[in-house]
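Two complexes, one shared chain (chain A), two partners (chain B, chain C).
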Partner chain A sequence: MSVFMDLNLIYTGDRTGLRTLLETAAHRESSADDEEIVSSVCKHLCLYQGRSRPIRVLNRLTVVMSDSSHFRPNATEYRSFDLLAVQPTTEKLFHAACMLYDVDIICISVSEKLPFFFKRAPVNGAADRGVVFEVSYSAAIRDSTLRRYTIANAINLMESCKGRNVILSSAAEKALELRGPYDVTNLGLLFGLSDGDAKEAVCSTCRSVLLHAETRKTASGIIYTMRSCSDSAGQEGAPGDPEHGGSIIDSQTIKPSLASDD
Partner chain B sequence: MSVDLDHTPRCLLVSDRSSFLHEKNRINSQVEQLNFNYKVSLLLPECGSTPSHLDSMLNNFSTFYLIRKLPIYELLDKRFLETAVYQGCVYGLSYRTRIDEDICVALMPNGHLCLSLDKDSFQVLGVEGKASRFSHRTKSRYVVSVDMTESSMVPGGRGYLRLLTGLKSRLPLKSDFLLSHHPGGGASLQALLSRYDWSEHKPEVSTHALTCLSCPTQLTSIPPNFDPHSFLEWLGAVDADISCENSSCSFLSSLACPEPKTMLSQALRVSVCGLLLPQDILRLIQEIRCYLDQPQLQSWVALTVHGFVDSPVSWGGREHGALRGGENFYTLLMGEDHTYHLHLVTGAHDTCPP
Partner chain C sequence: MKPADQKDESPVYQRVVLKNASPYHYMKVCLVLENESTRLSAVELKQFIITGLKSLYGEVGAALNFDVLKYDADTLTAFLRVYSRGLVKLWSSLTLLGSYQNQACAFRVLQVSPFLLALTGNSRELQLD
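Up next is the complex of A and B:
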């Protein structure tokens, strides 16, 4: 098992509330994601890790898609985020997200009854690519109607994916909506996960999401760009695949701008 | 589709019934095999205060030491091995490390060093080990178990140097460590203790007098007239101070005392917490037998010994893990005539108790 992680905390403009939320998440020994609703398209998330090690904060972007133009593959804005997630609202977009889009997490909507069923083919396709499905539980804490939708949608998902490649996270806006990792594991049983799957949904699968995000950002782990504090930036580079040739050039052009930031 | 919520987490319960006078009873080996004991709880019925010889026994449990931020490679130190590990029984356990999140280390009295590592740490350490038995879909936990008394682990040997290099340079592990030595005590550990920030601790004894306690009747009858699950649930509720009244206006607890039951006017609950050695527990069991030999109002005593939840090993050095709770404990219900009922319980991620 790895450390417990909660990959979804809502970012708010209220700094004090945000700090309380992150401190509560740290005390509950789970990493939390922070989500800011800037528009219906962009959300901001950050991530905490448990108290036994130094806290780790990451950034996540969730794109709520109602049209295929909402998610632009290889967009430069996405580079500054550690995790990339999409929330498709139609079956066609769900299929595209599972099979094509270069993302880490596919969010399952909890605020409405899903208008489509999960088919085995795209779910298996996503699992093969290392993309995980995320179920958020704080809506279930807030409201009883949303609780029904959350459980119904989650159970539908588990029927198709058999408990593989699923993460459970909070999408909490306030500290009181966070739950400890063992409570979230128990909640996973309500969603149709087995004991082992529910525990993996809060630790090992989250770790694999982070690794997937790293390989996505670094062209399968070949090219790393690091922010340096001196002019001689430490940057490992190696020729990538021909289709990733563009990313080599991009990373080199990033270097002068990083140097000028210092 | 409906979710099957009747399925409860798996736990293993082994029940044994015998007499101390029977020559083939296994109680000694069963107690000795659980190396790392955290808490001993005693329930003495119809007793207002701890009898003096039991009290002195409880207050004379061996002391243990807490070393802060001990680098784990120090457990391979040549002098430590020669003065402590080879000479007797060293019990060592990493403190405040969680079995399903962090790296846990245990040093067993037979000289085995056991490290429970997550995947990244195991790959960095570079020492032979195997995946945890309790991996689900992915192998995310690995166990390295090394016998320090083996020929390849003699200081200077190949395996020894590889592990030492791993712990010193590749994966420099540091954690708080609980240490105890039998029979030498602190003297054998001085060489190690003197180099780090250490403190000596005595196991903490707490006593609580209970009144009007409902209790199942004929606990020690043979065959038992109730099942072990309900008895253990009741005993756990008494130990944790949970009401068994099951009143209609309280929603906190619906636990109830198994029937048929009687009311005890008073009872005494004693607990000892710390790093407790199996040898002390065996001596305590002998004292309780002497106590039961005297004429009593009630003819039984219940002793529960809890193992550490975050220990990488439980009975007999076998692997221990935690799914939702890493319980591993045993309850010894001792009756008059030197008979006993023993219940050994472990959680889901554990091997069968002996």
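Up next is the complex of A and C:
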């Protein structure tokens, strides 16, 4: 089983609040993720001691887009972040983000009723590429109107994507807005996921997001090492090379796979 | 179940699924408040949870029967009992409950089990020295 992760904690610039938040996350037994608006990296993100071992704290950038010029692919500022997320506000941008943009996470906004419906085509396209959709739940804790929007948008999303490729995370600004991993799994049931999908939304899909982010950062192409059935140790993924030894790596396997390989 | 004296060529597995093994589910919850010196009585706690159910599920949710079996007012820890088909509703309304009398709060669900005996031990609190 993969470790629990919360991939969205808001960076507010308040150091003590941030520290309390990360300590709470460590005791809630999850890995945490910091979202920064400015590109300066938090230098003293020291190790937070969780229950049994320290949690990992990562950097993430979320770009709220209302225009296609807001997100510039391959910009150098994006290199210092581990995870890249995009929040489209119109249908065209959503379609573009699903099919084209080089991001890891597409956020579903919770502060408004979505003006567009999710179509199967971009959602399936995003699933094939390894991009996941994210629903944040802490707005539902703060305000009852936002609660209705969160649940409505989440249910809409689940109907189109059939419960795969979804992660649930808090967008917590304070320590009291965090919830434990099993509580979030239960919220997944509320949003229309099945039992297994809800658990996956908190652990193994998050892990596949991290792997996808690594492949995005490390190479413009994809490097895939696979243990081959013949005696050669590891092979670089060269699509369509059947003369090479006894192992055949067909091009279908060369993509960041979403299945957890633990 | 095969009798023990029959020799098996290959192992045969049988999965036994108990549906509705227990009519109730028991939860151990702890309320964490922003102002840590606030104290609630057991009645106030139950009323607070009922308002949470009502704000998320309406009157039908507020009619869900649950019991506060034990309550420790110093640590704000309570044992709740609910019918198994109402577990998801109660648990999700505890999760989404955010404010008590204008201060921020959070319900930390420590343990959930269909058997009360299982709530006596908690391997997460285990200290191995």
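Definition applied: the second predicted complex is superposed on the first by the 202 of 262 C-alpha atoms of A that agree within 3 Å, B and C clash if a C-alpha of one lies under 4 Å from a C-alpha of the other, contacts with A are read in each partner's own complex, and residues count from 1 in each chain.
As a working rule, a residue touches a chain if its C-beta (ideal position, glycine included) is under 8 Å from a C-beta of that chain, and two chains touch if they have at least 3 such contacts.
Please read these numbers as outputs of a predicted model, since none were measured by experiment.
K.L.:
Do chain B and chain C fit side by side on chain A in the superposed arrangement, or is it a clash?
P.N.:
After superposition on chain A, chain B vs chain C: clash.
K.L.:
Quick one: chain B or chain C, who's touching more of chain A?
P.N.:
Counting contacted residues of chain A, the larger count belongs to B.
K.L.:
Pick one for A:180: touches chain B only (first), chain C only (second), both, or neither.
P.N.:
Second partner only, chain C.
K.L.:
Using the touch definition from the top, say if A:140 reaches chain B (first), chain C (second), both or neither.
P.N.:
second
K.L.:
So, A:3: does it touch chain B (first), chain C (second), both, or neither?
P.N.:
first
K.L.:
Output check: A:190 vs chain B and chain C. Expected answer is one of first, second, both, neither. What do you get?
P.N.:
So A:190 meets both chain B and chain C here.
K.L.:
Share the list of chain A residues that count as touching for chain B in one structure and for chain C in the other.
P.N.:
Touching chain B and chain C on chain A: residues 182, 186, 189-190.
K.L.:
Which bits of chain A are touching chain B when the two form their complex?
P.N.:
Touching chain B: residues 1-4, 29, 50, 52-53, 155, 159, 164, 182, 185-186, 189-192, 195-197, 199-200, 203-204, 207-208 of chain A.
K.L.:
If you look only at chain B, which of its residues touch chain A in the complex?
P.N.:
Against chain A, chain B makes touches at 1, 3, 5, 9-10, 96-98, 100-102, 118-120, 136-138, 140-141, 323-324, 348.
K.L.:
Which residues of chain C touch chain A in their complex?
P.N.:
Touching chain A from chain C are residues 32, 34, 55-56, 88, 91-92, 94-98, 104-106, 108-109, 112, 124.
K.L.:
Can you list the chain A residues touching chain C in their complex?
P.N.:
Of all residues in chain A, those touching chain C are 51, 137, 140-142, 144, 147, 174, 176-180, 182-184, 186-187, 189-190.
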